[in-house]
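Just so it is clear, A, B, C, D, E and F label the chains in written order, and each chain counts residues from 1 on its own.
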């Protein structure tokens, strides 16, 4: 049988990538043949990103260097345009909380309006990552807390460089 | 029978007015004889509005120019003071999501404390507008997306002017 | 000016009517000229009602005997059919909690599908009644607790008769 | 390239199947090569099902008779055992509301404990089906309401047979 | 210093006690000198309990036999009366989910009305137990699933006896 | 009997302290022998505080001057480090709404990771304070509204000084 390859995009700010993000991206391979981690260059949610787009892409590439079906890209316009450009019909999102859910539902419906063939699918985090968020990681790290159980070693190094 | 006229205010930022807002304002006439769309001049939720108060009022007036019982005003102080000034005892709000609900409930209770005769009533959006928000419209439009199914033509023109 | 009268229905099980229900029904007169409290005879949510429909109607009539614009009726079929039969275009509901909100939203959308001219409007409870529910009242009363601050004296008498 | 086929199961009571269920099952083909609609024989959520398992399976088979990659099966034990028996590593669920979300999240985590390779993925309903539920359809139909816009003609016939 | 002892009650159905319940009861000792696990004899939430009150008390006593400050009792009336009878001014509850939260909040406010000196305090579950509920345990066990990671060995034995 | 003293911290921005905050702090003495109100100097949630840390501490000290077991401190780093420094094993939080709940749950789990002996406990507000928030108080006061029923007289004076 000759089925078309399925590509999923996993969009986000990844400022920085957490172990929760890594988990979702890898599990995305259960439903797609290729997962493109899509770093939003024009982050509208995160007012002042801690890391530049280039730094965030670099950390992601190191984190996924042994996952050959996980690619990393940045994008600067509409998510639906980026999806079209890489031939993706699936958008992957992690759902932690009810408040996540409502924002994600709005985004999914909006993106469906803009590109009806694009399907947004939600995965649930592993319980040990359910409380993790990049903003909490940034906050704890900035205050000198130990975040070594929340991020990969390569990200930990960058956080230490940044926060001294 | 000689009943007093009922006036409802429909407050918001309307930056810009969406088809969802239009729907709620018109359906407000099911429970009031007159709906005053009240544009908050000192928007505390929206940090940097895309359109000035004057532009937002102007778009609303064009959108509702054929609805004789829908008026458009701006206000600059407390909502309860504005309500008193136009003789309104009803505040109209659209409820899309659970997170909306909680903020709205807080506001309704606070306003009841400040002006016990003021009743806040909630309407539910038509399902096709349930995912719509002015902030999503601004975001999609800024990135070059097509928002023609979310706003009236007059608003679409303004968004195109703004985002080039 | 000669405006048509507005009739709102306020449907529920009212098993039994609480002070929270009384508050919502009376505040409904802020947006309608007449409120019809509509007792669901075929209660699908409450498996075994504590009081018969006749008893529930009787308690409501006593509670609202001095409110000339609040009427009490029972109904046995679809809410939308009952609304048509009394010439009502407004359905009144109290919103206490997020879980209420979601069920209510589903019902409101379903009723809109069945009768597009029917508008469901939500009022928020007074904070002191926000935790009140008929099922909690039944439960506390059945266990011998004092519910005199949650229901009217006439309802209190009936609960005492029932629970000995 | 020679990839393994992906099978997803879409479990539920389907008492009866609604247009919302049909939509989710078909969209499941965006992420799996085959969707097995799995009818729970021992329905624990629905106390007294309106239709027998055989009737529910029969309605589903008629509804999906032209969708060659959608199969219909019933199952009587643990979902994870059924998933193993059909070689499925994906469970498909539709997410309408916050209250859905929490129950679904619990189930997904429990199933992950029982069968770590099983991934639960959530799809969002088309807005026009967002308020639909099988229990509302049963209730409205039982009271004589028109549900022709909520279910397929074959299901409509069965509901009319049942409710006279 | 001579401070009064603090007693907390931890009420529930415990049908059966899970590792999540055990965790909450033991952590209750961080804020009270004594925790009384209070088994509701007249369970209103669980329609047909799987285990009798005596069986549930017996399992709890075995589970907490090495925790000298955790006592087990059953009660048959109002929670507030039971609290008074054991001299407790604290009610302990675990909060897993938003839907839990709303029901718990209603109960807490109702109990505060009935006994103003009674304080309800909420603890959050350890993430690995966040998805656990007694009803899921009963359901999975009844269908032959392995629940050995969700309950203590003594409870596991009883579940196996019950479900054959 | 010689039990160790229990200290709880009650962290927040308190910009400014409301009657709801006062209520939670005092009720914290039901589960701890000492409550330390901990004013976050580096407020990450409140972008531009209305009052300086010194002013917020000063208002709190005046408000609690007759409560000998309520202390007021500011802190500038991680909450868990502050808790250790004052020997506290309890963190006290008030829970008003579902959206509060989710953020609080994330924080509680994160803090448990960072300091496993630290227990976060949640209290529910008195219904009359359930809608109160410091941000609403600031907003209403800034617009000239009367907030005398939401804050203590000493706070009211400061708000009037600030807003003229």
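Methods note: contacts are C-beta pairs under 8 Å (C-beta built on N, C-alpha and C of every residue); 3 or more make two chains touch, one makes a residue touch a chain.
The structure presented is a predicted model; accordingly, all values stated were derived computationally and were not measured.
Traced through touching neighbours, the fewest hops from chain A to chain E number 1. Averaging Cα atoms per chain gives one point for each, and the point farthest from that of chain C is the centre of A. Under half of the residue numbers at the chain A-chain F interface are used by both copies of the sequence. Averaged C-alpha coordinates give centres for chain A and chain C that are 47 Å from one another.
One simple way to say how far apart two chains are is to compare their mean CA positions; for chain A and chain D this gives 29 Å. Chain C and chain E have centres, each the mean of its CA atoms, that are 34 Å apart.
For chain B, residues touching at least two other chains, in rising order: 98-99, 102, 105, 108-109, 127, 130-131. Pairwise, the chains that make contact are A-B, A-D, A-E, A-F, B-C, B-D, B-F, C-D, C-E, C-F, D-E, E-F.
Put simply, chain C touches chain E in their complex at residues 97-99, 130-133, 136, 139-140, 143-146, 149-150. For chain D in complex with chain E, the touching residues are 42, 44, 77-78, 80-81, 98-99, 102-103, 105-110, 113-114. Looking at the complex, you find that chain F touches chain E at residues 1, 3, 5-6, 27, 30-33, 89-90, 95, 98, 101-102, 105, 108-109, 112, 119-124, 126-127. Note for the complex: chain D touches chain B at residues 98, 127-128, 130-131.
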